[in-house]
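The chains carry the letters A, B, C, D, E and F, assigned in the order they are written, with residues numbered from 1 in each.
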Amino acid sequence: MSILHTVNKSTYERDTLEACVRLAAKGGSVLLIEDGVYSAMSGGNKSSVIENAKDLSFYVLGPDIKARGLGEDRLIDGIKVVDYKGFVELTVSNDSVTAWL
Amino acid sequence: MSILHTVNKSTYERDTLEACVRLAAKGGSVLLIEDGVYSAMSGGNKSSVIENAKDLSFYVLGPDIKARGLGEDRLIDGIKVVDYKGFVELTVSNDSVTAWL
Amino acid sequence: MKFSIQVSEGPYNHESSVTAINFVKAAVEAGHDIFRVFFYHDGVNNGTNYATPPQDDMNIQKTWSELAAAHDIDLVVCVAAAQRRGIVDEGEMTRNKKDGMNIMDGFRISGLGQLIEAGIESDRLVVFGD
Amino acid sequence: MKFSIQVSEGPYNHESSVTAINFVKAAVEAGHDIFRVFFYHDGVNNGTNYATPPQDDMNIQKTWSELAAAHDIDLVVCVAAAQRRGIVDEGEMTRNKKDGMNIMDGFRISGLGQLIEAGIESDRLVVFGD
Amino acid sequence: MSDAKKFMYINRKAPYGTIYAWESLEVVLIGAAFDQEVSLAFVDDGVYQLMKGQDTTEVGIKNFSPTYAALGDYDVNKIYIEKESLEARGLTLDDLQHLVWEDEDEDWAEKDSIRVVTSAELAEIFEQQDITLSF
Amino acid sequence: MSDAKKFMYINRKAPYGTIYAWESLEVVLIGAAFDQEVSLAFVDDGVYQLMKGQDTTEVGIKNFSPTYAALGDYDVNKIYIEKESLEARGLTLDDLQHLVWEDEDEDWAEKDSIRVVTSAELAEIFEQQDITLSF
């Protein structure tokens, strides 16, 4: 079974992303949406939360990074950008979806 | 001027208490209410947020700790318990109130 | 002393409304005046009379209404926030062509200036939110 | 594939409703079925027809209604959550003696069982909340 | 039960500050009628939901914590608590309600419903679920 | 202005994920008509509110970020940004909108509205306020 995890809060504000990373099994996919996309930026104190989670694949919702003025060039290496269509595809290609609220 | 600061979120979940402690001037009072009262418990990984803030006085709302099953004996040393009447008195004895949301 | 209160979250979903109610009760008991309670963001949902909460829990919307009547407290719902969320009084009903209205007794809908005025007129402004 | 969606926050205050709407649109465009959208917690406030949002922003409540009509989507508001927050349909109006009702076209009020059933009947359940 | 789906409820929020804990429990109770395989996980501040001795009298709102004790009667008996979350908060199992169920297959012997598991174990349990509801 | 109160707006939340940022700005704009002394502070995720280049087209909601540029016209020109919050997020002042106002007393010279301050400096500024509104 593979799980798509969604995280919608900034890791600077809440413990949500850290919970997800701790409790997601190896090989899982994590999609950052809404305020969760701030966690995808490189160069911050908490960029290491994602940088250290080598066993997971990270995605970020493009419309949400554009809304917030974050350039794709500032994303942590290896994070893939998807649109809503890509979000739907990730829910299909994984076996289930867990929202970290 | 003296400020009463209120914090209503658990320091395990959010960055609210840390923001308050960082941005409250020496001599200020901090009242923990609602889910903020969890931060007042001793023996946790984040008890140090309060323990290290020696320049501030900490209060906790009694009705909210009882609601959550937290015994007064488990509070970090030096934290005073007040009821809603005491909450009102703190807003009067300080010059203004800042809610950390 | 003269207090005003801002409530920024809706009833039940967050404890803010309950804490604000308990604070207002304690302030009144201590002899203070509550000049105004201003409901903003989802806080406007405190002002609905369409709710039917479980009988074994606090009826938050009704408690506000009773407090207002007993202690002459001005309960103001922000009009801009109310329009986004669907709190309607008679004026809003007519203006925006709604089939009914759901404002609770004791609440009134008005502008954000009422919050600033509350800050100016009161000795203390206390904010309850998320 | 058959999807169901849970929306746990009210419109405007949180982005959840908007993300859910954009997800539903993309799923429908990709040829998937949306079996049900279940509104829980403050999410029930998506189902009000009393709102008059600013004209330069998305009308969230109306967008749901239009999506339901265009793609035959079952929009269910949880009755227990709705009673706490004041979302009323004709049945609730009569039962709880309210002066009016504010349920949006295309929404219906029903029990929590509808959420469990959605989980059982669908290939994927996606939750949007806070 | 071969057609039954595995439902997991993840509870990550403290009680009373927000309603998620209580409204989550309402879903679990209704859901119990559907004959699916149900598990609950309490992680992060969610572990506070099970604290003993909750008394909401002075706040004036409903104390829903006694309802957790009824879960066993609804055949909800897979209740996972993350060890790391307990420890981070300076809590032990003794701080939490003791939840039990009666095993029909063993002459209604009373058994513990709560299992303390590590993050790694919980991650594996999450992988086996069909539906995850998050509160 | 001797009777004027000092109003401080503390903005600690990111835009779009929740409405607080936008509804806070609505208060500031209305409040500007009241001839009080107004300051805004952006701390923690609140600093993201001022990011340049916001474009909400694909999300389909209103982009309110251009409104910050109007603050100067409303005589709101004391805008404090916490240095520590910027640095923690790997941001610099260049990432943020350049907000200015025109000083009537100096022949309408254009001046910066934004002042980057340390936590300690901001704590002192907070101490001088009469009313603090938190968003």
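By our rule, contacts are C-beta pairs under 8 Å (C-beta built on N, C-alpha and C of every residue); 3 or more make two chains touch, one makes a residue touch a chain.
Just so you know, these numbers come straight off a predicted model, no measurement behind them.
Asks: Please flag the chain sitting at the greatest distance from chain F, going by CA centroids.
Replies: Relative to chain F, the chain with the farthest C-alpha centre is E.
Asks: Taking mean CA positions as centres, which chain lies farthest from chain B?
Replies: D
Asks: Indicate the whole-number Å distance between the mean C-alpha point of chain A and the mean C-alpha point of chain D.
Replies: 26
Asks: So the centre of each chain is just the mean of its C-alpha atoms; given that, what is the distance between chain C and chain F in Å?
Replies: 27
Asks: Could you grab the centroid distance between chain A and chain B? Build each centroid from C-alpha atoms only and quote it in angstrom.
Replies: From the centre of chain A to the centre of chain B is 33 Å.
Asks: Which residues belonging to chain F are in contact with no fewer than two other chains?
Replies: In chain F, the residues touching two or more other chains are 13, 16-20, 44, 59, 61, 130-132, 134.
Asks: Which chain C residues touch at least two other chains?
Replies: 8, 12-13, 15, 22, 41, 54, 80, 125, 127, 129
Asks: Could you list which residues of chain B touch at least two other chains?
Replies: Correct list: 8, 12-13, 15, 34-35, 63-64, 83, 96-97, 99, 101.
Asks: How do the chains pair up in terms of touching? List each pair.
Replies: A-B, A-D, A-E, A-F, B-C, B-E, B-F, C-D, C-E, C-F, D-E, D-F
Asks: Provide the residue numbers of chain C that touch chain D in the complex, in ascending order.
Replies: 10-13, 41-42, 45, 48-54, 61, 80, 83-88, 92, 96, 98-102
Asks: Where on chain E is chain C touching in the complex?
Replies: Residue list for chain E touching chain C: 16-19, 59-62.
Asks: Considering the complex alone, what residue numbers of chain B touch chain E?
Replies: 8-10, 12-13, 34-35, 38, 41-47, 62-64, 66-71, 83
Asks: State the interface residues of chain C toward chain B in the complex, per the touch definition above.
Replies: Its residues touching chain B are 1, 3, 8, 15-16, 19, 22-23, 25-27, 29-30, 32, 124-130.
Asks: Spell out the part of chain C that touches chain E in their complex, as residue ranges.
Replies: Going through chain C, the ones touching chain E are 12-15, 18, 21-22, 54, 56-58.
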